[in-house]
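First the structure, then my questions, so here it is.
Read from first to last, the chains carry the letters A, B, C and D; within each, the first residue is number 1.
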Amino acid sequence: MKDVQNSRDHRGIEIQRVGVKEVHLPLRIVQRDGGVQSVLGNVTLSASLPRDFRGTHMSRFLEVLTRWSQEGLSSGRMKAVLAEVCDRLAARRAEMVIRFKYFLPRTAPVSRQVSFLDYDCEFAAALEGGQFTFTLGVEVPVTTLCPCSREISAVGAHNQRAVVRVRLRSRSGEYPWIEDVVELVEPRGSSEIYPLLKREDEKFVTEKAYRNPKFVEDVVRDVVLALRQDPRLTWFEVEAESYESIHNHSAFAYFKEGDGC
Amino acid sequence: MKDVQNSRDHRGIEIQRVGVKEVHLPLRIVQRDGGVQSVLGNVTLSASLPRDFRGTHMSRFLEVLTRWSQEGLSSGRMKAVLAEVCDRLAARRAEMVIRFKYFLPRTAPVSRQVSFLDYDCEFAAALEGGQFTFTLGVEVPVTTLCPCSREISAVGAHNQRAVVRVRLRSRSGEYPWIEDVVELVEPRGSSEIYPLLKREDEKFVTEKAYRNPKFVEDVVRDVVLALRQDPRLTWFEVEAESYESIHNHSAFAYFKEGDGC
Amino acid sequence: MKDVQNSRDHRGIEIQRVGVKEVHLPLRIVQRDGGVQSVLGNVTLSASLPRDFRGTHMSRFLEVLTRWSQEGLSSGRMKAVLAEVCDRLAARRAEMVIRFKYFLPRTAPVSRQVSFLDYDCEFAAALEGGQFTFTLGVEVPVTTLCPCSREISAVGAHNQRAVVRVRLRSRSGEYPWIEDVVELVEPRGSSEIYPLLKREDEKFVTEKAYRNPKFVEDVVRDVVLALRQDPRLTWFEVEAESYESIHNHSAFAYFKEGDGC
Amino acid sequence: MKDVQNSRDHRGIEIQRVGVKEVHLPLRIVQRDGGVQSVLGNVTLSASLPRDFRGTHMSRFLEVLTRWSQEGLSSGRMKAVLAEVCDRLAARRAEMVIRFKYFLPRTAPVSRQVSFLDYDCEFAAALEGGQFTFTLGVEVPVTTLCPCSREISAVGAHNQRAVVRVRLRSRSGEYPWIEDVVELVEPRGSSEIYPLLKREDEKFVTEKAYRNPKFVEDVVRDVVLALRQDPRLTWFEVEAESYESIHNHSAFAYFKEGDGC
């Protein structure tokens, strides 16, 4: 049976990424505490295509993914996946992005009731010539309460759900855990949010937010100062987006430290 | 050229709806003030398929839509579109749903500055045996401020953007305008929202919301009472959904009056 | 601490559904083979609110969900959840909708390689006065190849990914499994689809689709005939939607059997 | 009334982007033929925030947008908007991204019937120290027919809708029109797609696609070769994504020429 993909290409163009997208797959993520969490992954997996070949072999990406999806995924394991992809497809470079919801237990501040909050996360990994790059993305929902609204109003202050999106890179082999990023970001909003709050907890978070007003600019600057404390980080970006309660649009602030994107 | 669609079907099943979906098209909506607003429509158009025919003629839906999209659409005009569809496809029944963002000028409460707020709207029309049914859907964003949080907290109260979704039907030929529904719903939240607010406006809406706390249950009941004042309405449903600022999920309330869905 | 929700309401309106929406939660679904599958659930949980009460107690929905999420969910288990909700909130009626991606192993037709395909599923349950209603929804992706295009063209035929959406109800206590619905629907497209296909498999599915051309109308009618073979079913609806390869919109057909929606 | 935003900040961090997001607004886009097209815009508008200020003045973004939305937008006009933003907010840098559906008439290849196809477009502009950067993004839907499937199968070949996403930058002041990009990309798929096709047209596009099989790799390389013919371009990226008809995921290829992102 003819292998059309393998036929020689004469256009002289190496393509940086060829692969599969929107692959939904159950995955297993290694937790900081050593446990493993089953998640629903949305996966992009690609390899570079040398100039001489007409096409890649798409089925091999699925073979690799199907086999590895049973293992607990961490940055180290993703490197091994990419090494196998480079090897099987004779590629200089391979990349993999995984998006998933990750759950952490949250303890309500007064009643101490425990519930599970979802964080949108991303593992983005690239391997080229033995050089491995890993980018960790974590989105942390918080409450923001507007300092201006509080200052100028006789009573109350508008507040809303906001999300803080952090993406970061680190020196080879030393990465913070999702749990570390959540713990760093969550206290930088006006208040933490929780799935389950009893009345005494609702009083607590309402008052905490009122006493701790923050613009999106404040949230971003405070997260930046906290991230700068981690000497392992070589690059990061932070975005805070408030789903404004008095508008039908969002307010946002975005900061990046280090080169690249 | 053979007409496969026209071939005789022996499975004995009349299909209620056959047609096209996710058709994006610029449309023109008649405003209450007599003007016409250009909108981006997402259109579903279908007809029933008699049991004896294997398939419908999909291209005819696009022919009808392409021609009518130049005209100003209102409930009356949609009836004419559906009559043409029934006629051209020999169908007992035709249906059309249009979803679009509609803009209305909003005047900030103190500074009087004008900006344009977007409302997600839906026109759903059906024609069967000369009987025309029209359902108007309007989504109105508002602020809700939690009465419980305000009552139990020493300072502040959590609040958030919420959306009130109304769908309604009316006696034949007498329909409220989108503008009417917006004016009826908007004052039933804790405060109206606006794209553009100067500082003096922000103080106004913050204090108004604080003095006017509402659960989603309150919003729904107040909208229901207001809708009951309109003797033309024969069916309606109301949903209020608050994008809770202290949780990562929504609170909602839903009410329906009259039979059907 | 004052219980504002519990205060007496004088507007005289019972609200059909009050609760929470867009709650993301890891859930465990009972499989036909007796195993349990971890899924990412998107949950709506609500109860009716008697006319005399101002508000419901939203935190109780989260308490119930957090506890039950550890158990394997089936229709029987959902009835128990709803009974607890009715009990704790003194409600006449409670409802729960869960949406999740469910995975099943698919064996490629020639190479016999196994991979995991995702199906969007929905469990919708309601309990009112001891009467339990359960609606199962399953979306099955398939290929459709256009009979008209094949008939009139000298070579080839346009084809595309399509999705068949089935929702069904059954006599109390006797429900088909997700696996049953998938097995019933999947052979009714022009060809099944698979995550992982080697070249010999690709030849197989290409030729199978070409020899088995289907309009969306054909797919719907064939699924309807198959569903009518199951004497347990009391209501069902079927929609087939083709993401047309020659258009930027979808073609669809929709059929419903039985009363209600 | 106190201006909290204006208060002095001591954290020493200049923030690259502070502004508004998800602003929906009717806009007017200048067409190549000199006409103006009304579109629904989704706008992000931001400015840099100097290290000494606590916050920006969000309402000014809406003031600027509300006023400019009446004018016909082109790259030149966006430069003027950004200059005003820099001026009013004392910012070194301002950025604006507009996403919208743009419609072009398409003439069916045989019947010559005209209908309107939607293209997702993006204008992204930045102004910093008088230096203006403009990035044009256009997404063009096409059909791709798989060369491998055609080669190995006795009859037929799987095909599907695909989208080609192009983003490009050009020497200052000389930009291609959306219409130019569409005309360059559209012939590089296996076949063009159209909203409205009569039977004779369907035969034409089916046969054209079969005689013109293309991997996503082929589409990307052919678009790259065509873009290289335009001496004005200083940077571009091309992605082709096929919504595979035999899988539940996409195949894609991505190429970038020039530095930056």
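By definition in this document, a residue touches a chain if its C-beta (ideal position, glycine included) is under 8 Å from a C-beta of that chain, and two chains touch if they have at least 3 such contacts.
Owing to the predicted nature of the structure, the values given are computational and were not obtained by experimental measurement.
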item	value
Interface residue identity across copies chain B, chain C - same or different by half	same
Chain A on chain C, rotation in degrees - Cα superposition, rounded to nearest 5	180
Taking each chain's C-alpha mean as its centre, the one farthest from chain A	B
Separation of mean Cα positions, chain C and chain A [Å, integer]	29
Separation of chain B from chain C, taking each centre as the mean of its C-alpha atoms, in whole Å	25
Whole-Å gap between the CA centroids of chain A and chain B	35
Where chain B touches two or more other chains at once, by residue number	1, 23-24, 118, 148, 152, 195, 197, 199, 203, 248-249
Contact set on chain A toward chain C in their complex	1, 3, 23-26, 38-40, 59, 62-63, 66, 69, 101, 103, 113-116, 118, 195-200, 203
Touching residues (chain side chain B, partner chain C) in the complex	1-2, 4-5, 9, 11, 13, 15-24, 44, 46, 49, 54-56, 58, 147-148, 151-152, 215-218, 220-222, 224-225, 241, 248-256, 261
Chain D - residues contacting chain C, complex	117-118, 141, 143, 145-146, 148-150, 152-161, 191, 193-195, 197, 199, 202-203, 205-207, 209-211, 243-249
